[in-house]
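Two complexes come next, and they have one chain in common, chain A, joined by chain B in the first and chain C in the second.
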Partner chain A sequence: MSMHKCGLFYTTYAAEDGLFRSRFQKLCLGLFLAAMLALPQLVDSYAVSILNLILIAVIGAVSLNLLTGMCGQMSLGHGAFVGVGAYGAAILSNAGAPFVAALLGGGAISAMVGMVFGIPSLRLKGIYLAISTLAAQLILEYVFLHASSLTGGANGLPVDPPQILGFAFDTDARIFYLILAVTALCVLAVTNVSRTRHGRAFVAIRDYHQSAENVGVNLFAYKLQAFGLSSFLAGVAGGLWSHYTMYITPEQFSMGLSISYLAMIIIGGMGSVIGSIFGAAFITLLPEMLNLLISSLGGIAPDLSAVIVPMKEGVFGLMLVLFLIFEPEGLARKWRLTKAYWKLYPFAY
Partner chain B sequence: MEYYLQLIINGLVVGSIYSLVALGFVIIFKATKVVNFAQGELVMVGAYVCFALTVQFQLPFLASFLLTLAFSIVLATAVERLILRPLIGEPIISVVMVTIGLSSMLKSFVQMVWGTQIQVFPAILPQEPFMLLGLPIAPVYVAAFGLSALLFGVFSLFFKFSSLGIAMRATAFDQQAAQSMGIGIKSIFALSWCIAAVVSSIGGIILGNINGINAQLGHLGLKVFPAVILGGLDSLLGAALGGLIIGVLENICEGAAKDLLGLGGFKEVASFLILVVILMVKPYGLFGTKEIERV
Partner chain C sequence: MNGSSPLLDVQEVSLTFKNVAALSRVTCRVDKGSITSLIGPNGAGKTSMLNCISGRYTPTKGKISMDGRELTGVPAHKRTGFGLARTFQNIALFRGLSVLDNLMVGRHSRLGYGLLASILYLGKARREETRHRRRVEEIIDFLNLSPYRHTIAGHLPYGVQKKVELGRALAAEPQLLLLDEPMAGMNLEETEDMARSILDINEEWGVTVFLVEHDMGVVMDISDHVIVLDFGRVLASGTPQAVQTNPKVVSAYLGDEDGLYKGR
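Entry: the complex of A and B
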């Protein structure tokens, strides 16, 4: 089996631009998906629930990466856009809409809100845009909390588990397959967007907006598209979230959520789809790992459980700082290096 | 009418705290172009250290005040050296995220050491209010206002006349040119972080005297953004005025929303609505430097 070639031997642009560059890649992805499908049968329901959270975080991180990593527009309001989708989908589904319609509807509402808050990006760049998205986050949080007739305010909003054609996804393992399918679709969508004209325009805007405009990229239109598409996917993530947890409150979609999505794409690797997946898994697993560590240390240092909540935040901040200083390109680069190492193993080059 | 007058005066007091924190923010931004999301946490750490020294170690207030300032200088130097310096020349998002990471670390440090309950500061100023325009005002408010005005005056003169201040402005304007004139950029960066941390600690100590301190004090750092955007990101005068204006406006909006619409908690969001309007209409604020792009 030809696993890897020693250079680039493409004879068409289409082949170079293809989704899979070798059969080995297809095989790996197939094996990975098969393993994912088998997982719920092998592990307990707590592990499946963490997997579900990771998958939802993957959609959020991938969509933020489209906006921030690919198009270069920094957003501190992504958590609120996820929240808009979560509330939108929950309200639609409580009003009797079928699950798929509610999910897409939540995404559409989120896309509209995202595009409204993306309008300032025409005039603002860099830090000014970041601050305006921060304002979006805080304004939307206020709306979640105070539009109580729609969102239930601080009391929260209960949601029924999703149902498609009469089949209820009411256990962790059942809903896992649903979330996995939606996540796979979203990841595929973002990967494909990056290979199109639109994706190239996004990258051009990120690299240098004036050059992009000079070669005919309509900055405003493409920035708005990036905001719209990214918020749509964020809304889908939110819709899955609300249907999965079956209860949403405003504080779930706070500033902290926006920051953890940004941390995911930075730790994973900016502008890389596979990096977002690594980052989402890393950030979601980090508190679990800490729990595990502290409970295993339980005999030696018993008073740690009192400070575990602030400690999680501290470790999160520390990880963020360490990655930015020592590995600014994130886990995606580590993954590339590992692949390159094994590709040539046992020779160094 | 008296209701609104009281709101304006309260707004001026809160606004003068915003001005102090904004001053620190602007000093860092002016010299290093770093947007510091951990400004509120610097305030919080200063307040908690002073609290620990006066209450837990029973030091006289003046001693603990000076020790707190010394601690701020050490902390700021360490932060600048260990965290910010490796990121010189990295994209804005990396620098912003590193300060966000820093703010998480500081917040977690404070919560691990002192817990999350409100801690009451010992009163260092007389408690009984005096009357101004027929309204009762606590002396600590006047002290806050006066101290902000004093610090603002000192730093304006510092940036205008002292050679260090001019060196800091030169660094902000063009790092390479400043370096070729013999200015040590690294020490300027460290210095600006130290000044910002000291100013923030003073703000934290005043705030602790007004409300007591808790782990939510760091949210103040977010309130700085409307103030500095209104004033212009790199203007000291802008920071001072912006803080006051935002303080007054958000109090009036809160009062009006409660009075006319019956909406509670509008304060949290009012300043950010103002922020969005400013960004749309006048993104470089009242006194900020306009970046002009010509294609």
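Entry: the complex of A and C
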């Protein structure tokens, strides 16, 4: 007779600290990755382009969640930091740098800019810091628009699709694999940070900065690290963005983008890596879903689309308010509850 | 004084906020291996004193040294390196982290790896995490916190949170532990439990304890030395028995016949 364990029992700390602790988890991740790899072959290129946008949004959301959700430093300038990376990588790429170097370079430039705008965080908290990062947003937008010798100003900046070792990622499906790989690395990086010394220190700063200081966390250094790492990843997202869309203009990185990243982490779940992924997917798909709804209703009530289309922004806002009221911990909590439910199914006690 | 060397030496420390004196020329010492208590009526400056030692406040005048090394001017986050840890009067836990992670943060300055190692989480970071986890588990066992190991700190009952806070301070393996009213708001059983933990920490682990507490029964029971503060001045200092019978202390706590303003 063979006995099976009715739960997870660890015999080493290392096993318990592992990322995927059960065979089932590994299997699920494997299946998910296999599905992702097969997807571009199964759906049309429009759907792949949406997927690409989701993946780029995932990097943006997960990096903002590191800064705002984990470290508690409110940022209204994240869209601009993505923009810095987008312009930085595009300029480097146009100057002849290989794609990987341009991507990392864009991230590094964004990290430096982010750290400079993170300096006020030593003194400012909460809403006051939010306003100072709003200033960062406005200043950077101004730079994108007026440093036209570098950024092309209002005319925008064309970029060639990425090339690695002579292989051009010039279709939606090809670049999908590249974006997927970079996104996976970024998500893994943030997950690792969240479960180690630095992530704990970030949360400590968020939850009680005075006691964080007394256990030896240098508040200023760690806040700057949070700003730096978050902006670096935002810059990487921007670099992918500019190389993917092949044309960037200042208005793409406006206040609205910053707000939609905030919406992603609120809807997904503050401080949660998986929540950032859900949130990014949700917010990116929301307009697509509305379009789908409008076009499917088009046959029944053609006049309706004229009413609904302008209401898109309103629906976006409404979703945010509903989430804040009914699920303030976001989709991450829903995910947790669903998992807990199925773990016990059919004996829910 | 029993002649042993002072671990903490406070010399003529004054602290003023906009002409209001919170502490004036306080001189006291905490002997190595002792449990020294700081008592006094509300507003006497006890917490201000702790904040000066832990680095939240910088004394206006005077100097504080630990084990012969000057502490004044050292930023708060570097003081764990001197062997200093503290708890707070109001619970100051990291509410969003599990008990285990709270204690791991307590060891923050003992973990040596950098941001890049955090991101990659390979070799060094992994080994250190496991090594320090082992030490933290010992503290969890010692404080009977194992049932709550993975519980989010903010979800725990008050008495347990107080213990977690003690655990977090212990995780830094301090030489000197500053405890700001660890028994506040606890029932009799929890108070006895906490007192027992403090004695064990002192005797078994050899940690010197500097205690601020209002529960006189506990203070007189467990302290080797008691310092009484009143209006920011040291009123008396000595063994629990000596302090209890000191007429100045009695009048500070109970008031004297001639009213409040007599020459204090």
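In this section, the second predicted complex is superposed on the first by the 330 of 349 C-alpha atoms of A that agree within 3 Å, B and C clash if a C-alpha of one lies under 4 Å from a C-alpha of the other, contacts with A are read in each partner's own complex, and residues count from 1 in each chain.
Basically, a residue touches a chain if its C-beta (ideal position, glycine included) is under 8 Å from a C-beta of that chain, and two chains touch if they have at least 3 such contacts.
All values derive from a computational prediction rather than experimental measurement.
Student: A:213 in the overlay: touching chain B, chain C, both, or neither? Say first, second, both or neither.
Tutor: both
Student: For A:14, using the defined touch cut-off, is the partner it touches chain B, chain C, both, or neither? Pick first, second, both or neither.
Tutor: second
Student: With both complexes superposed on chain A, which partner does A:30 reach: first (chain B), second (chain C), both or neither?
Tutor: Neither partner.
Student: In the overlaid three-chain picture, which partner chain does A:158 touch, first (chain B) or second (chain C), both, or neither?
Tutor: neither
Student: Figure out whether A:314 sits in contact with chain B (first) or chain C (second), or with both, or with neither.
Tutor: first
Student: Report for A:266: first if it touches chain B alone, second if chain C alone, otherwise both or neither.
Tutor: first
Student: Let me test your reading of the model: by the given contact rule, A:199 touches which partner, first (chain B), second (chain C), both or neither?
Tutor: second
Student: Touch check for A:189: first (chain B), second (chain C), both, or neither?
Tutor: A:189 contacts chain C only, not chain B.
Student: Going by the contact rule set out at the top, does A:74 touch chain B (first), chain C (second), both, or neither?
Tutor: It touches chain B, and chain C stays clear.
Student: Would you tell me the residues on chain A in contact with chain B in one complex that are also in contact with chain C in the other?
Tutor: In chain A, residues 210, 213-214 are touched by chain B and also by chain C.
Student: Touching residues of chain A toward chain C in the complex: what are they?
Tutor: 12-14, 17, 189, 192-193, 195-201, 203-204, 206-208, 210-219, 225, 229, 271
Student: In their complex, what parts of chain B are in touch with chain A?
Tutor: For chain B paired with chain A, touching residues are 35, 83, 86-87, 90, 92-94, 96-98, 100-105, 107-109, 111-112, 222, 225, 229, 233, 263-266, 268-269, 272-273, 275-276, 279-280, 283, 293, 295.
Student: Give every residue of chain C touching chain A within the complex, in rising order.
Tutor: Contacts found on chain C: 54-56, 75-81, 85-86, 88, 92-97, 101, 104-106, 108-109, 111, 113, 115, 117-121, 125-126, 129-130, 133-134, 137, 168, 172.
Student: Give every residue of chain A touching chain B within the complex, in rising order.
Tutor: Where chain A meets chain B, its residues are 68, 74, 120, 123-124, 126-128, 130-132, 134-136, 138-139, 141-142, 145-146, 210, 213-214, 255, 259, 262-263, 266, 270, 307, 309-321, 324-325, 328.
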